[in-house]
């Protein structure tokens, strides 16, 4: 800065690099798990864990695009369901079908995201309602398509992404394909959100939509793109989860709230303007680690619900407190 | 009544996470006086007021009301103690009526229920004091009012409390001359009736016109305190720590004024009719008029935000039809909106991201955010330095900057794009003298570099001082054109369409 | 409700092996005991309007069953209209639905598949009071006013069949993981309690009872976590929905698949055959949906109907009959024990090919 | 300078969004009647059937009245479904068939509702946790505690108490009258009391309300107490209707998302500060009508779901697209 006096910026000691508490949380949880079950510290242990969390992590990072732009996407869970059911309907046990089914599903996802975005941007329906409607509709569509029960298997080529491991890898011994997907898609989503002009416009739209329009941001296009990204990642998450778990009728249900939860634990601001892809992925890891830990502790299901609720509130309360104190 | 001043603030300190806003500030105000509080943007004026009114709690120091020490924990307690504040940022509820806003939190009750009738009647009475009874109806929604009327409601709300202290934080920022006059006479009446008034403004004329005493804050400390009203340059020196030479830059010489960049003929829409207009490169055109005269709609029409529905518009001689801000920006038009918080600021983003946004919007969306064909991070830093934006760091979030510094930061947004035409709407609203001067010089520099500048302002001295040519609007039409040698009276006459109007 | 009723446990244990009345090749017509209801007072000329208040078609079991039912309707020309209202899994909604059906006023008979027992009782009583013959199936109600209550042997029976298989194939002291869908559902609770009793009797160790919510991914995670902590000798399941996921968890970890119990869904049956582990598939036959229509038709014809309960046989699919129930042409979540192979639209109506 | 003559603005221009819910209601009534006539099912055009339709959604209606308060203060309550379950269970367990325990049970449940609302409000205002997260967390906690103690229908409601759900005045059920009386009270409070005015102010702009001396936190907390109380009453009603309470009946009726949808369809804006009770009631009746229309027309269960999703979005779009103001 040029020769002007700065206002009294407080002494540098108070401006420690601020580390997002979610990272601390993840590390603490994982250490706790390893203490309780040393097998977790071995490659099979943590690789299985990462494999398990991949679908949610990718999904949350995609959902973050919508959250940062100032909306919600409640339809992601139903998109996952539709992906799995639709794929099983189309596959008709033909291993080669995967190569056109996944692109087709991505296409369907893009159309769904586009519709969400158009409804929110041009019909001005609040995203909570628009995507709630989409969720109900898509669940119905999935049911209609399959007549209520899926009518085909997912071929192994389809399940490759969610299920298979590369074995005999040096040092880590096994490397699930899902973990590779997590790294690749996580990096792409990180790049889009934090390293491009699009990412900055996304933040701006979520922060102040009217100002964004007057500053020349193509607001509608940006918001629609956010919904498309979210829907596309939901398809990917569906492919991975379907790969891991096989076909079932309501495979995606509940994922929409988990994705929002992961983003929020990662410090994203609901209603837009702030959010980080790595922190959201860490939020998903934290969420899954909590479940695993409670599992290890052998706590009854109801107790797990209570703990989950407390952690959810506690994490957000703590983040708010920290943000206020640190002036962020 | 004791001799103690109505309000006394002693040794007030206040820190925000990133900045020490106040350090040991003392301030008093007694009944029957107007005490002007001056200081640059970010000096800490609003913060001091918010401590007085219980919005913030001080880190150190005492607040005394009528000699009694007070520790307000909620604005309500300050209100009950007789302190009424017109805040710098609007504090109205757009979806409620004028009457409901006026009586917010203290609705008249009858049998335990809200007495709507009494509320409307009382509202009408209070609005009558301002002579705006015909313009503002008690049961209109505030959202349907223009900015000036909203500010009137804000003022009426504070005054109708019959408080013993009224604090006005830049009350005239959104008002035109005539409305300012109404306010000034009200302030006179209030002073006469024994109210203590704290008055914050960046306009020296208002200090001279109204104040009994003046206190200047700089960087969170009192730098000067006068029991009289000194000459403006004395105040300015205390504020900025130096003299400001050449407040208004030199006007353009005829040779500097270039060809017509933009012309409109027969432009009209719901708010405008029969607009014929030319803007030339190198020229600053000031747009004057009363509230509701259509200056903002005209700016919005040129900027494509609320396009003309008939008529034609040419840019560099070519016909254009702009239907969105993006169209306009692409065609080389930029605009700084009047309502900064609602229309221009991204409070959660960094100062630099605020500055870079427009450039990024027109670059490849998948291109890196650090550099684009318009500017890069270093370039933006240079622009922000040039604007003298005061921030601990340009990575700081915008919401921690004072109003004036926010305005300067968003000017940088447009500079990066080097537009052919730049529209400023109330560019110096809420900006301190130093910054004002730099904005005038900046506009002039832009003009010299060939930009056509359109400046919408309600500040007549500014219109006269900074423009090369002046357009006056009335009722959605252009009511007259003047050179910079016109007088305020001539402009007012054209603006009101009446004779014998006091300037 | 008591889910650990020794008398009921013993009764169902006997019924599993008891002889049933009726044609052996048409299990959906068979019934236990010989108490019958006289329905002469409900005799009515066709065409009838058969009204059906359904708890929901929100899982594959109900989908297969509902298909059985609609196909059965087609076999009876006397049924003029078949009105189906779906409560989407909500008691509140189902009560309102029954009110709607009564307000409409032209049902000849009302079939109810209650979403839950206690909650639907008043609505069923109201329908009885309106003079309608009522047939209840799957879950019951706590009133005797319906003509009959159609159901297979029951939850204890299911639990017993699965547990017996495990006990026969796992040495004493072996470790059993019990995977359950969710708590609170009557038919599932009795399955668990039946099995728990058997394991205790046989001296097997129950590693844990975990709820999967019918979620494959969660099931896989649970099994993985248990595997990380030690060996598992058998997995007992209260329903087949997640059986394949449990099997895959062993497969993916490179561990031999132990004894796993499931249900009569095609995907499980095929997995069982392909991997050759020691499996069994107790059933909760979907053919009871056919029986409900048959009971309604018999009632309107004034014919005798087994009453107050029409207890259907509940066979388990074992290794020796496995191949006979596998049909590659049917969808993975098709329930093999549908008693529908003899129907005209089989297999297309159930989503099968050819 | 005195009054400035200005082109008169029409201060009371027709506000489409204020009447949208009425228009929607009339449209669905018309659709229903048309359908009945077309299908020749005129026997449905009876008073009894009208009552049956109105009585379809009493649980939803009572819940939505409370939800309206939460949304008007720019908050939201996702815990209503769990509160409904909890209060239904507590009602039937405390009564346990004993008529003498009716009063204590009702009081206990109301206390429960008040405490939950208070906690929700405190977490939202004092810990500044986003309401969506706060109430989602609360919902998990309640559900966990409840399922720890109960996993099935528990206790039973004495016959005397079933009068609440099954008793009628002529052909009109008491519960229906009760719902409309409750709505009337809510309307009165919102329209005429200081608290009602504060609710709109806080929802409209919390900072402005605070500067005007309104204790905004208190208003938010009270709105949440009302919301949870209504949910508790809905639980009592449901226990009376189902004769007993089970820990899943709230979740099974999706009362959380449905109550939000109904409030928004009724014209209350998710951002707060705009809307009202009668809109909500119109929304509830529209939902009932849709159900009845589906039943009359014999719409397939899956198609029904698809249509319902589309209808929710279309209904909100119907006025949102016309509204000049942003709708969240």
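Each chain carries a letter (A, B, C and D) given by its place in the written order, and its residues are counted from 1.
Criterion: a residue touches a chain if its C-beta (ideal position, glycine included) is under 8 Å from a C-beta of that chain, and two chains touch if they have at least 3 such contacts.
From a predicted model like this one, the values you see are computed outputs, not experimental measurements.
**Student:** Going by the average position of its CA atoms, which chain sits the greatest distance from chain B?
**Tutor:** Between chain B and the rest, the longest centre separation is with C.
**Student:** Give, as an integer number of Å, the spacing between the C-alpha centres of chain D and chain B.
**Tutor:** The separation of the two C-alpha centroids amounts to 43 Å.
**Student:** Can you check how far apart chain A and chain D are, centre to centre, with Cα atoms defining each centre and the answer in Å?
**Tutor:** So the centroids are 31 Å from each other.
**Student:** Quick one: chain A and chain C, Cα centre-to-centre, how many Å?
**Tutor:** 37
**Student:** In chain C, which residues are in touch with two or more of the other chains?
**Tutor:** 57, 183
**Student:** Residues touching two or more other chains, restricted to chain B: which are they?
**Tutor:** Answer for chain B, listing residues that touch two or more other chains: there are none.
**Student:** Which parts of chain D, given as residue numbers and ranges, touch two or more other chains?
**Tutor:** 147, 301-302, 304-305
**Student:** For this entry, which pairs of chains touch?
**Tutor:** A-B, A-C, A-D, B-D, C-D
**Student:** Which positions of chain D touch chain C when the two form their complex?
**Tutor:** Residue list for chain D touching chain C: 41, 43-44, 46, 48-49, 52, 55-57, 59, 147, 151-153, 156, 162, 166, 238, 241-244, 246-249, 252-254, 291-292, 295-296, 298, 301-302, 304-305.
**Student:** Taking the touch rule as given, give the residues of chain A at its contact with chain D in the complex, in rising order.
**Tutor:** Residue positions touching the partner: 119, 122-130, 132-141, 143-144, 148, 209-210, 257, 260-261, 264, 270, 300-310, 312-313, 316-317, 320-321, 324.
**Student:** Hey, which residues of chain A end up touching chain C in the complex?
**Tutor:** Touching chain C: residues 37, 39-40, 44-45, 48, 52, 55, 88, 146-153, 163, 165, 241, 244-251, 291-292, 295-296, 298, 301 of chain A.
**Student:** Inside the complex, what are the residues of chain C that reach chain A?
**Tutor:** Interface residues on the chain C side: 57-60, 62-64, 66, 183, 208, 211, 214-217, 219-222, 224-225, 228-229, 241-242, 244-245, 248, 252-253, 267, 331-334, 351.
**Student:** Please output the residues of chain B touching chain D within their complex, sorted ascending.
**Tutor:** Residues of chain B touching chain D: 53, 55, 74-76, 79-80, 85, 87, 90-96, 100, 104-107, 109, 112-114, 131-135, 137, 139-141, 143-144, 157, 178, 181-182, 290, 292, 475, 496, 501-502.
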